[in-house]
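Dropping the structures in below, format is structure tokens.
The two complexes that follow have chain A in common; it is paired with chain B in the first and with chain C in the second.
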Partner chain A sequence: MKMCGIISVIDKKKNPMDGTAVREALSIMNERGNGEGSGYAVYGAFPEFADYYAIHVFYDDLIGPKTAVEEELEKVGTIKHDEEIPTFEQPNLKKRHIPWRYFFQPNVSALGTTASEEDILVYLMKKVNTTIPGALIYSTGKNIAIFKAAGWPEDVANFYRIQDYEGYIWLSHNRYPTNTAGWWGGAHPFNLLDWSVVHNGEITSYGTNKRYLEGNGYVCTMHTDTEVVAYLTDLLQRQHELPPELAFKALAPPFWDEIDRMPEKERELNTALRMTYGPAMMNGPFAIVVASSEGIAGITDRIKLRPLVAAEKGDRLYLSSEEAAIHVMEPSPDRVWMPRAGEPVIGRVY
Partner chain B sequence: MPIGSVPPKYKVTIDKDLCMLCERCIENCPYGTFRREGNKIQIFSRACTGCHRCIAMCPRDAISLQEKPIDYRSHPVWSREAREAIYNQAQTGKIVLTGMGNALNVPQIFDRLLLDACQVTNPSIDPLREPMELRTYIGKKPRKLTIDKTPEGDIDLVTKLAPNLKCETPIMIAHMSYGAISLNAQLSLARGAAEEKTFMGTGEGGLHESLYPYQDNMIVQIASGRFGVDIDYLERGAAIEIKIGQGAKPGIGGHLPGEKVDESVSKTRMIPPFSDAISPAPHHDIYSIEDLSQLVRSLKEATEWKKPVFVKIAAVHNVAAIAAGIARSSADAVVIDGFRGGTGTAPRVFRDHVGIPIEAAIAAVDAKLNEQGIRNEVSVIASGGIRDSADVTKAIALGADSVYIGTAALVSLGCRVCGNCYRGLCPWGIATQREDLTARIDPDIMYKNVSNLIHGWTLEISELMGAAGINSIESLRGNRDRLRGYMLDENILSVLDVKTVGADV
Partner chain C sequence: MMKKTLTIDAKGMHYTPLNKEIRAAIKDGVTEIILENINGQRFIGNGLRGKDLTIIINGVPGGDLCMFMSGPTCIVHANAEHAPGNTMDRGKIYIHGTAGDAVAHSMRGGEVYVRDSIGYRGGIHMKEYKDKCPVLVVGEYARAFLGEYMAGGILIVLGRGKDQPPVDERGVGTGIHGGELYIRGEVPDHLLGIGAEKKPFTEDDREKIRPYIEKYCREFGVDEPELFSDEYVHIGPSSARPFAGKYCWE
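Moving on to the complex of A and B:
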């Protein structure tokens, strides 16, 4: 991907915001996309099913793949509720897939191992995406809705009527794909469990990151580099229990020159971080926003080859590729700043 | 039975119009190719090894050298080499010995792998303007970091890191022992390595005291002969390497002829002067992976767990599984030596026919370790036939952490890869102990050749990385997406896990 637009917002008090403003904001960055893919993620979207994993699936048809997926789901848990995700025809958007969502409770003893609920979800995603043609799980988080398709931002927003959803975190992305054109699965945000990612740039270390993730049991199925961010975040923050600051630092660490000049304790920590997580480091130009139910974090590559602007107003933190997009959502922010290269900007819920 | 002589390998001629009769060629050739007869230099071409020493030293460029001046009847099956090996053996009844690496004309996989560069969709990085990081840590890494958050919000590191070698370039100098090469050659290599903040192997011949100033940049080797090994030796090295096998001659031991064991070599190796130094094929205390693991641990105990311990094996068919076994011992790094690796002396059949290419070995080892989820916990050092910075870059993209260069380092000292190291008369003062010959290397001058070489390659690797939009070597390692195979068949592409040229991302 070359040039993409990102906009995201969190209300740290968890006050709900509907999708109207984010739709407007993303559309003004149309020149950063080419109408080939846009998407939105919203946290807090399903209060009535908040305790269930909201599994989102793209079906190519409702005959074979759907039965096969439901069989897999029922083997390892219970479907509390499922529905076709409501969509509304748009003149410029070709409906290539039928989006479906399941509210799902995994059964931790189903695999007969010490797998956690999350492990079962990771297993399901791998199983479905690699063995069931015509079905693609593209989201598995609790209380998280993902809306994405190949199309311009407003068309995708209207296709799903995102103004009808509310949440305390919104993430959105306007894509200018150069590698996986027009594939719905390739549109952002990418989700894995509690993590959603939007990304602008191209990860030149993709091959290394992917192998490292494979060595740790993940399978990359989306044919695009962004998914590694979601998996790396899951590995470092959920499995290795690193605090977000450190986990993001592992992805875009300081240069050795800087590390060598740090006071001893800091130097040791940063050296250990780079040695241990070398294959997790992301290279190439990127600006990324990662969301979880706990907050959002934005980070750029170590030499800031992609833009990222941050702004604050009251309880709200905005992160975007362009300041103009922030102004659409918030005309008079308290503070606007450019985060330093490799330094994460984190907004947590209180 | 007398069958006469085989045709000479080379034909040397001197242009009489150019020659000034200075006799430098006579002085420089230890094989007796030249002698003076009146106003003429007489030439005995049969003695020539193609080492180019005379050509390099002739002030008038008067000397010409022609390889294979006499043709055999050409035949697709019965090559010159096949026939000559038979003539040789028919006379001697012995194993045919050779020096340097594999001389068969087999395809070089490295040459059929192409690197990537950025265009438009992402910017390349200019190493002159932006930092480019080649620092490489060799040794065990933890699987994950454990930290403690203090009440004040400070982060304390709980995980203890194992000792690692810190190299400022992914290029190290391979093990070449004192005995196999001269002390002056070793001194030049050691100082060159230290200059570039990287490391060099001692080989299995002990550590001569004049190398002590460079000991912090030296990896001490323990091979099956255990020459020169005592606690002092272990403690002096920055790391310890157990040599199980060697790419040029997997499965067999080594033999340093008594003639090369002069007083100083004998002292350093701790063996009687002029006795043959024989390294048995196996280590007599290692008959299984458990034994190896024990040796690794006892070396660590002996050095109070302060030194990384490497294990070197030849790239044989089952290299991936063996490397995985080693990785699961306490070893900190696995060294794999491919079948093009050089050596002082090796039987021709071993040098040319045993083992597998390093490219395939790296890919297989990296894949196996990754499959077991331990790839980043142990380092992989590749060696055997690395000729330039492109080979280094490709080796790393295939999955190596760093490389050892042997032959290339010797070439920087003048070696012409003539392949006669086993004769102990190296005209470049490298593979010899004869004082008049070793004096041809002045370490205070020649170390610069070695450091220039490493420096130049390191710059080239930075440029290649920058062009690929990568500013840190960690992001190159195992990044097989940045390689494409050119004219490689599907099987080898699948082993390398590399796509063909023209394939999509």
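Moving on to the complex of A and C:
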């Protein structure tokens, strides 16, 4: 059984929050993980480079792979600034990779096609992750920082000192890998461009979803099911421009017997959605939270095989595997509720 | 017997030392334990025995509250997380709030009272044997797969939710092969799961559930005579082996 713990928060007025509280909240759900992967995503982390894509790379060493990656970056754009991501030795965490970040401006004419900036980033991620051994691009969003490693929540938080970062959205995840090995690249959150995903459960439709994504130009390289959620979200919401409510309905649609009982218009819409996005439908037990710079959304599978609790306090929306974790961050929420299975809870910035 | 009370401030405590402290106190003759600042500690009350013990919890207890408990009474002044009453054998849990998924999971005896609503799969695989008959009472409403794979016991939903039906999601009683559900309010037929069927709600049924509704009202300070006089939808198994034809071909 795959357990995993999730807690995320958005301040809809974009007031910054540092990583102290989310670290405490995640660590009270340690029972849900096994110390083989934890991670945090924060939106609004790099105000001084907000217009640049923050490319995060795990290097196995700083000799071959780093030179090769920088050559690729320079072919298709300009590196405004780069730095090793500051880390601080922890007794229970082995530093297996060197995390690096680049603030990058793609050159839209570099590929000689009508590719957008985002297409160039998708191209770079695919190129580096499939052809340069010892380098893994694990995040490409603007103004988004990802901190992840194989370790317990507190250790990973202290390793990166997440209390030194501020943002208006935090996603965090404590992993209990079951189907594939725990490793740095397999820790959540998974990011692609503006999307970040944390996930508890397993996507048993992974094979179908992966083939569908590959037909649309994505490549799965993280050896775990969750990355399909990030790419499906990118495909449906960025490329196909579906609003989040519809995109999530495509991923977790109503059952046919429920569609049969709907009024005609609703029935037609849901039928069309299921027919069009059959291979995007996610099966299996899951609770996920997806973030973009516009907000966060949480959803579970249609028969509720993984937990999700929501709470609100003023401008803040919390989504978590357990209510107690929310109380660590907010002792007196205005409202606490359990979202219905397969129906997204969405918190947008104002 | 003399009442002996102990208060434990559980702020920031991990569940292992907390549960050890609870066990040590019981050994010491404590009959009432008040837990302050609980937040997320799992397995509270697990396997405790003896009926002269009361545990009062202030804060949200973690999952599997009172699992395997046999005798004591536990009162929670907050919401509870997943599976309170998991495989409980005897005793009572009163939750002054809501509870998460799989409430009373595999419960085999005793009583669980939830003042407000519960999540998915409430009462999953409750069972009974001879004089052991577990009871789950839910004040407001329940989500899908209520009473899934029930093998025994009594599950009552009082439907006190404002503008909220007692259950409006699929799979009520899916795979039920023993026990009874009593739901106040409407339950459309299409919500019934495989193996579940509606049965007449008789005066005997009303008498059977009355003492549990009384206990609910007493604990949560509810005075609503209609809970006793209204009609309940009675749901039970259509067969003792609903999947006989699915798994074996005799």
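Throughout what follows, the second predicted complex is superposed on the first by the 348 of 350 C-alpha atoms of A that agree within 3 Å, B and C clash if a C-alpha of one lies under 4 Å from a C-alpha of the other, contacts with A are read in each partner's own complex, and residues count from 1 in each chain.
Heads up, the rule we're going with is that a residue touches a chain if its C-beta (ideal position, glycine included) is under 8 Å from a C-beta of that chain, and two chains touch if they have at least 3 such contacts.
Keep in mind the model is a prediction, meaning the values are calculated, not measured.
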Can A:A341 be said to touch chain B (first), chain C (second), both, or neither?
-> second
Which partner does A:R261 contact after superposing on A: first (chain B), second (chain C), both, neither?
-> second
Just chain B (first), just chain C (second), both, or neither: which does A:A50 touch?
-> neither
Partner chain in contact with A:E214 - chain B first, chain C second, else both or neither = first
For A:L62, is the partner it touches chain B (first), chain C (second), both, or none of the two (neither)?
-> neither
Would you sort A:H327 into first (chain B), second (chain C), both or neither based on which partner it touches?
-> second
Of the two partner chains, chain B (first) and chain C (second), which one does A:I28 touch, if any: first, second, both, or neither?
-> second
So, does A:P279 touch the first partner chain B, the second partner chain C, both, or neither?
-> first
Find the residues of chain A that appear in the contact set with chain B and again in the contact set with chain C.
-> 255, 257, 303
Spell out the part of chain A that touches chain B in their complex, as residue ranges.
-> 1-2, 178-179, 201-202, 204-208, 210-212, 214-217, 239-240, 242-243, 246, 255-257, 265, 268-269, 271-279, 281-285, 302-303, 305
Using the touch rule from the top, collect the residues of chain C that touch chain A in their complex.
-> 39-40, 42, 59-60, 62-63, 79, 81-82, 98, 100-101, 117, 119-121, 143-145, 169-171, 190
Contacting residues of chain A [partner chain C, same complex] | 28-29, 31, 255, 257-258, 261, 303-304, 307, 309, 322-325, 327-328, 336, 338, 340-341
Per the touch rule above, chain B residues touching chain A in the complex are 118, 120-123, 125, 130-131, 133, 135, 137, 141-145, 147, 149, 155, 157, 159, 161, 164, 366, 369-376, 397, 468-472, 474-482, 504-505
